[in-house]
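What follows is chain A paired twice: with chain B in the first complex and chain C in the second.
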Partner chain A sequence: MELIEIKSLKVTFPTEAGLVRAVDCVDLQLGAREKLGLIGETGSGKSVLAHATLRLLQPDALCEGEILYQGRNLLDCTPTELRRLRGRELALIPQNPSRALNPLQTVGKQLFETLRQAGYSRKEAAAKLPELLRSVGAIDPDSWAKAYPHECSGGMCERIVIALSLAFSPSLLLADEPTKGLDSLNRARIITLLGEVTENRALLFITHDLEAAALLCTRLALMYAGELVELGDKAAVFENPLHPYTRGLLFALPARGMQPIPGRSPPLTALPDGCRFHSRCPEAIARCRSQHPPLFDTGNGHFCRCWLYV
Partner chain B sequence: MLEVKDLTVCFWTGLSIDKNRKHSFWAVDRVSFSMKKGEALGLVGESGSGKTSLGLALLQLIRPTSGSVRFCGTELTALDGRALREIRPRIQPLFQDPTSSLNPCMRIGASLEEALKLKAPLSKEEARTRALKLMELVELEPGLYSRYPFQLSGGQNQRSALARALALEPDLLVADEPTSGLDVSVQAQVLGLLQKLRKKWGLTLLFISHDLEVVKKMCDRVAVMHAGKLVELGKTEEVFKNPKHPYTKSLLFPNLEVGPIPSKRNSSRAATVTPDEKGFSVFSVLSFLKEKFKPCKKRMPPEPGWENENRNEEMVEISREHWVLIPSGFSFSD
Partner chain C sequence: MVLEIGNRYILRRFFSGLLVFLLSITLTFFLLRSLPGDYMTDLLLEIGRYAPPELVASFKHEVGLDLPLPEQYLLYLTGILKGNWGHSFEYGLPVFSLIREKLYWTLVLLLPSSLLSAGLGMGLGAYSGWKNGSKTDAFLLHSLVFVGAVPSYCWGFAGLFIFSFRLGLLPFGGYVSLPGTEPAGLFRHALLPVLTLTLCSVPGIYYLMRNSMLDTLGEDYILAARARGFSESRILFQHALPNSILPVLTMTSLHCAHMLAGSVFIETIFAWPGLGLLTYSALETHDLPLLQGIFLVDTLLIIIANLTADLLYPLIDPRIRSRIRGE
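What follows is the complex of A and B.
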């Protein structure tokens, strides 16, 4: 059975400029040990999707659809149930790790308290703490535990946040751009670490770092303007990208010419009719302007939202 | 245009995680370099090597402990309060965390207008049209004008921060990881924009980044920083092709490839990252790391080696405009 199943999820925010349709009819499944990379344009709704899964959006956000976790709809859960699920079963590694830490407490204290909440006794928590820090690559856990967040480098903060998210041993880890802003060495370390700690877990890996996604994930999902546009095995997506957006994205890599996709994505308050990519698409045909393409199955579990694959 | 000499920044810390340097910490250690107008200098090095501190010290956002920063003939370290405020619009920062340079209680449009009004008094309408033009320039859609920073995605915030920095029409932009958190297409757009501004305005750019591929594309010269010191400085091409310092060599380990170039006639180049039995090839990263350290261990003198602070080291120009930090008695004889 799938661990988590997102069914036609819609998230909208009311703003002065109108309704922002941040996530629109996203369907996604994740198996118990599956690693899915979520890639896409900035502002395409990746973080909103992750936050919706944990029900961490601000109260005025409207969520429709279903998010089934082991058969239970998270959108119907009460706050108490949610509190029990968050961290314990589903954990988020947020986009900005240094903000996720309390600047006034040492790393050790924050970890200790999280462990206590996870149900460890004082003694157990104290014993588990260095072990947990070591598991995220601290050679000298004591000095790490004594440090305050501002004394930690970006790579250290990231690893501490990963340690925090592992305190409860969740079955699904949502990582929001964990390799952002790290140098090549730390980046490789975090990728390795995430690979290790998710060996027996599911991972939803949100990233702009295509290399990292290629290394960590088995499947990739691409988002554009709030919807999924391509979904398939990593190798299939990289070797044979179907959607014109995916192709454009790959050519924007510095190593491949750094050619930006011309134009910009449509405002989420006033989405165009037809394909949402049509104004930037080099392969657009007449029907793209008026008809909104559904997600086509092109075989082998490779899906693409584009009229070229009817 | 910019001349930095023996710039040193020292932080005093009561307790430190690094046991060896208990009470003081040299974030930037006797760094010297200069920049011409319109030039793009890349600053690379691992995190914690002092790149950000160097940037902040240039901007006088932290006061350097010693050394001099001359900007268009003005000694910045000697300026105080008002004089500094006057020169500040000409040197603008662009930070790694964009939300730190945007007022969270102000709409994006208002933030931009405020910056524009600093430059010259403007009427309400004028400010609005200019702000919208700036948003156009950084490819932000006009609908975001009345949003607050928390209502924007990471990448939209980054571009708002860039628009705000550009509002003051600076001569020098100190960009600290300006494209982290952007997707590769928007990254290409923003970088293209910066290149265009360099050509059009003669914008000078100090470009701090971890992404060597980007630095290779963007910068004329590159400076490599390690533990607070510049260890190598030279033309980008030269340094990338012919790195001399062991640290530079270790930094330039080959980036991983993301499979073949997508094209109709593919299959000639097989994927470099095909999934192995385990489902992912993290192990290849590990072996990369091992490889990464092999060459420098061989070339480095035995511990404590070139990292030792007390060692006498100096920047030597080994070939035209290619400077390397060389410990005394060390030669590149291979």
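What follows is the complex of A and C.
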């Protein structure tokens, strides 16, 4: 059985500008130790998908479809059931780590509180704390524990939020852009660290950093304007990208010519008819303007939402 | 720890307070001297007579009001430094001892109402923000907008009308402290003015606290705490509340100091023998030395409130501590 199975998930928010369709009919599966990279640009709905999985969206967000965790639909869980799953089974490594820490408490206090939440006694938690900090790469755990969040660097904060998510032993880590805003050295260290700590657990790696995803993940899913546009094994996606958007992203990499995709993604309140990418697509045909393409199975678990592969 | 980090910080705060104090008493001195009318003219007008100019002149000579302004100002400053705040025209007594006695009775009103309004304002504001969008939140918000929109003296009169006139439960005011006055009498007299002062200060603190709570709830660390499965009460008391109180703290201490201004109305309405009532009568009679002394004490109280907030801040917020250490 898959660890987590997302079935035709739809997330909408009512706003003054109209209904925002942040996630639209997304289907995804993740096995027990699988590492899946969820790639897309800002506003493509990838963070919303992660927050929906943990049921952390604002109260007026409407979720339809199913999110099955070990066969149980998270969208039907009561608040108490959700509290037992959050952290313990499904852990989030939030975006902007420096802002994800309470500025008034020391790192140690926040870790201690989280360890206590994970069920350790005071004594056990105090003993486990330095060990946990060491596991995310702290050489001097005591000085880390005494520091306040504003005294920590970006890389340190990232490690601390990873430590916080590991205080429990979650079976799935949802890492929301953990390499964002880090210099190349810290980025490489965080990628290595994430690889180490997810050896025995599943990882949903949300990023717009294609290379980081390629290093960490076995499968890649690409999102554009709220829907999946391509899904497949890492090698297949990198060597044989099917969707013009994926190809565009690959050509935008520094190693492959640094050619950005022209234009910008459509607003989620006014999505175009037909393919959502057609206005930016160099290969668009007449059909792309009028008909919305479904996700086609092109064989070997490689899916693509494009009329070129009918 | 505070002492270790903050000697320079405290000193700097203290000096800036001193600067504000000097500036403020200078301003009051010259403003009061530009008031039209004088003590003697007003006094005789009260009994229906015009004061003869030679009488006014001889009074001014006696109290030193005929000296050139810079000289008067210098005399005033040196007097303050020596602890001589002058004598009241009206009472003939040293200003300092007059104020000291009245200030005590004003603080009897101000301290409980400060504590009550800070507690109520912060408590209700935090609850309202936490329950944002609920019926309780809407009810609190609307009723406190109403309470805050009505001037303090209207609430004073309303209280007198209902509890004293209609129900006869409480006295109309006019508290006199006699030796051996039982505490029950003080309580009965102080109840309405304290409640009125509190009622008028709660809305301001409430809005601030509610907004601050709303801002805090949008922060990433609240979401992150939820993602770790913390209970709602834990998120409220460990994360949301301490962070949202911070910006409200300074404003609350100032708010309490500003109650002094409100107490002029309230003490006049309830005939409470405090500094507010004294201010009112001193303004009526052009009692310049007394007014100067009262404004000096007002200034001091506001500066002290400000200093208290400045000194409390680094105790609560580690970011401020770091900044002070870096200075």
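One rule holds for everything that comes next: the second predicted complex is superposed on the first by the 310 of 310 C-alpha atoms of A that agree within 3 Å, B and C clash if a C-alpha of one lies under 4 Å from a C-alpha of the other, contacts with A are read in each partner's own complex, and residues count from 1 in each chain.
FYI, a contact is a pair of C-beta atoms (placed from the backbone, for glycine too) under 8 Å apart; a residue touches a chain by one contact, two chains touch by 3 or more.
Predicted, not measured: the structure shown is a model, and the values here were computed from it.
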* For A:Leu182, select first, second, both or neither according to whether it touches chain B, chain C, the two together, or no partner. => first
* For A:Leu164, select first, second, both or neither according to whether it touches chain B, chain C, the two together, or no partner. => second
* To do: Have a look at where A:Lys35 lands relative to chain B and chain C in the superposition and call it first, second, both or neither.
  => first
* Asked: Of the partners chain B and chain C, which touch A:Arg116 in the superposed model: first, second, both, neither?
  -> neither
* Would you check which partner chain A:Lys10 touches, where first means chain B only, second means chain C only, and both and neither mean what they say? => neither
* Asked: Which partner reaches more residues of chain A, chain B or chain C?
  -> B
* Which superposed partner A:Lys128 touches (first chain B, second chain C, both, neither) -> neither
* Applying the touch criterion given at the start, work out whether A:His208 contacts chain B, chain C, both or neither, answering first, second, both or neither. => first
* Asked: Once the shared chain is lined up, is A:Glu151 touching chain B (first), chain C (second), both, or neither of them?
  -> both
* Figure out whether A:His292 sits in contact with chain B (first) or chain C (second), or with both, or with neither. => neither
* Asked: What part of chain A is shared between its chain B contacts and its chain C contacts?
  -> 95-96, 151
* Structure fact -> Interface with chain A, chain C side, in the complex: residues 219-221, 223-231, 238-239, 242-243, 246, 316-319, 322
* chain C touches which residues of chain A in the complex? -> 51, 54, 56, 83-88, 91-92, 94-96, 99-106, 113-114, 117, 148, 150-151, 161, 164-165, 167-168
* chain A touches which residues of chain B in the complex? -> 13, 15-17, 19, 45-48, 96-97, 139, 141, 143-144, 146-147, 151-156, 158, 177, 180-189, 191-192, 210-214, 216-217, 251, 253, 255-262, 266, 271, 273-275, 279-282, 284-286, 288-289, 292
* **Of all residues in chain A, those that touch chain B in their complex** => 13, 15-17, 20, 35, 39-44, 47, 95-96, 143-144, 146-147, 151-155, 177, 180-189, 191-192, 195-196, 208, 210-211, 214-218, 234-235, 238-241, 247-256, 258-261, 264-267, 269-270
